[in-house]
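First subunit A sits with subunit B, and in the next complex the same chain sits with subunit C.
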Partner chain A sequence: MSAAETNLPKKTLGWPKLLAALVILAILLAGIPLLVKRLQPHQFSGMLLQSPDKAADFTLMSHDQQEVSLSDFRGKVVAIYFGYVSCPDICPVTLANLRLARNLLGEQGNDVQVLMITVDPERDTPEIMAEFIAHFDPTFIGLSGDLNQTAEIAIQYGVYFEKQETSSVLGYLVDHTATVMVIDPDGYLRLVIPFGTTGKEMAADLKYILEH
Partner chain B sequence: MKREKIYVLLLVIIMVLSLTACSSGAEGPDLKVTKAWGRPSAMMKGNGAVYMLIENKGSQDDQLVGASSNVADAVEVHETSMADGVMKMKHIMGIDLPAGETVELKSGGYHIMLIGINEKFEVGSTITVTLSFEKSDDITLEVEIREE
Partner chain C sequence: MAASKFAQNEQKLSGWKSWGLVILVLILGSILTFKVLEPVKVLPRIDLSPGFIFRDQFGEKKTNEYYRGKITVINFAFTNCKESCAATYEKMSALQTALQASTSSYIQTMLITISLDPQRDQAEQLIAASEAYSLPKTVIYWDFLSGDVILTRYVVEGGFGLPYFNPAENGNEGVDYQIEFEPRFFLVDGWGIIRAEYNTEEFEVEQVMSDINLLNQEYQYSDGPGRMAYEAAHLFGCYP
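Let's look at the complex of A and B:
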């Protein structure tokens, strides 16, 4: 051993080599937080579900008067929101956040389809839905059916809505579940996003569903 | 002489009383409205919502009892509440403004609802809204339309 060692030419670490080693070390160290972040599971803002059955299919009238079914969008992530046009406080916030989420996803955003189902079909005709939807994102689709149809779909998605007569000049207002339901590309209900989730948080959740 | 003294005494009493009356008049509510903004409207003839902070710096409670605007058919005070993910909105008769407190009108809580607006609220424009109170004088606001 010792003989072999003494036979080796004496080698000192030259400055360029030392510098290179330091640079490599620095890069590795800098990469650690990134690696840790990558290895960490995605923190969902919405509630993740493991549904054994596919989400209930439905067919409703779109704002441009076409029959549209949920199953038309297999291969895309579908975000369903139950709301109504006369609602000025909550519904615009959620729809604006969905628009932001879609924009934040860039190219991937094209694989996200937002559907808004009106819980006030008596007032929200396709024409009114068309004007409302256009304000947010022309790719969104506004859907309406009759009250019974809407109630049937709402029940299947665990969504509550009820007309409330009020003293407002609007007449009635509609109480409704304000969550967003996310259906994965295979047609399974995967995520329920509560009201108050930001567009950025929605984008992160949708990205995960798109990629997994 | 005695009668004069009584007159002077009466005068003093009246002066003191009028002084306290004056000061109690200044002890009313003292309202300041800040950060008023409105959401852009989706519809040409739809509804709008306006939010703000109302601070009552006075020593007496007050109440917001109504509002009006030249750009809407009707203006109402509404309250949104969330319970178990269900949004409920109701028309309320007023918002209490306790002395020394600031009440926030915000999304998911109180808001001024403009019904049947006669112009589309575009980002960057302003609308005029007048608030009415139980005790204080009306306050007219220039409300900026913007995204949240």
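Let's look at the complex of A and C:
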């Protein structure tokens, strides 16, 4: 070892450098979980399907009395929900969550179309549907058909419904499956979202479908 | 002096690059390892099982919602069936016996036979079929279901994609008519999603038990930290 080398002044970390090192360390420590989160597969709140077939197409009457088919929305993500206007709890909660999800998506929300198919076509006239839908989001579309047509479509989407006579002032209720089905822009059924999923969780799942 | 500083910076940058490369290789390596070794296997989520309302052999209403949270094995038959149903009943019986003997199930598994002949298959006929094929005392329940003619068609043909010809629907059934159909079996998970489909030859008890075990494992381990591995297995298509 040369004399010149041994006589070099001992290097110490000054306060500014130490502070900078600590800041970098903190950023790294905070960044690792973010990186892991970014790299891990999306945690779906719904169930992702590997459906080999396209979702069953249908044509129903919209709340503004136009014929509407599922295939009209190719290029958009479609969220289908089976519900009814006099539904006391589950339907309003689900529709409110869908509205929140759409809002949370911001601009991307414009590529999400919500369709509510009534399981109570006897009472849900287009006028009543229009008023009901407007409470949630004016872009939502309410759809209705006759009972047989509705049953045929509902069955294919894993939904059952049945009228239940009650003493409620609302008249009869309709028991029904409360899941939301998500169709991708190519028309494939990709996701089944169970009741109880929050708007934020729905937004995360819809975002994934929009981007993949 | 400036050149040496530049060289030092270059060296630092190259160090960072190496680390970045190592991390990238590690990530890609893990993904590749997962894909090749497939440490977690899952059954594909094929499609939605249709919604339905039927009545069982005891006259109780049974909907698809009733079976939510349970694994179900669904097939189709009719009680007056001469030949085409014999093998399917036998296979379902064998599966029931195997499930009864199995100790590894995490969630309840049930068997369902949907009648393709709702006009004739009333509670009495369904009970007779149940007594003939189902184990007498068992916790592996086997529901024999029948319901409305039109809804049955929507469920079986529209929902399960299984065409059948029932002469009684056209009013020219004659005496002792038979329904033409291709027997199929469906394995449905607790979320109401079809996870496997078999014809009579493919429906080997060992194979179906193995598929049911995979579903049980998914239920058992896909909660909490294990969920990520299971979602990755679905995304990477780690199928048996």
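Definition applied: the second predicted complex is superposed on the first by the 179 of 212 C-alpha atoms of A that agree within 3 Å, B and C clash if a C-alpha of one lies under 4 Å from a C-alpha of the other, contacts with A are read in each partner's own complex, and residues count from 1 in each chain.
Definition applied: a contact is a pair of C-beta atoms (placed from the backbone, for glycine too) under 8 Å apart; a residue touches a chain by one contact, two chains touch by 3 or more.
It should be emphasised that the depicted structure is a prediction, and the values quoted were computed from it without experimental measurement.
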item: Which superposed partner A:Ala56 touches (first subunit B, second subunit C, both, neither); value: second
item: First, second, both or neither for A:Glu131, with subunit B first and subunit C second; value: first
item: Touched partner set for A:Val85, first subunit B, second subunit C, both or neither; value: first
item: Touching partner for A:His42 - first (subunit B), second (subunit C), both, neither; value: second
item: Subunit B versus subunit C as contact partner of A:Pro194, first or second or both or neither; value: both
item: Touched partner set for A:Ser144, first subunit B, second subunit C, both or neither; value: neither
item: Touching partner for A:Ala154 - first (subunit B), second (subunit C), both, neither; value: second
item: Partner chain in contact with A:Thr177 - subunit B first, subunit C second, else both or neither; value: both
item: Subunit A positions touched by subunit B in one structure and by subunit C in the second; value: 160, 175, 177, 179, 194
item: In the complex, subunit B residues that touch subunit A; value: 39-44, 46-49, 73-74, 76, 78, 80, 82, 85-91, 107-108, 111, 113-116, 147-148
item: Complex interface listing, subunit C residues touching subunit A; value: 27, 44-53, 63-65, 150-151, 154-155, 158-159, 191-193, 227-228, 231-232, 234-235, 237
item: Interfacial residue positions of subunit A with respect to subunit C in the complex; value: 39-44, 47-53, 56, 148, 151-152, 154-162, 175, 177, 179, 181, 189, 192, 194
item: In the complex with subunit B, residue positions of subunit A that touch it; value: 85-90, 92-93, 96, 128, 131-132, 135-136, 160, 164, 166-170, 173, 175-179, 194-196
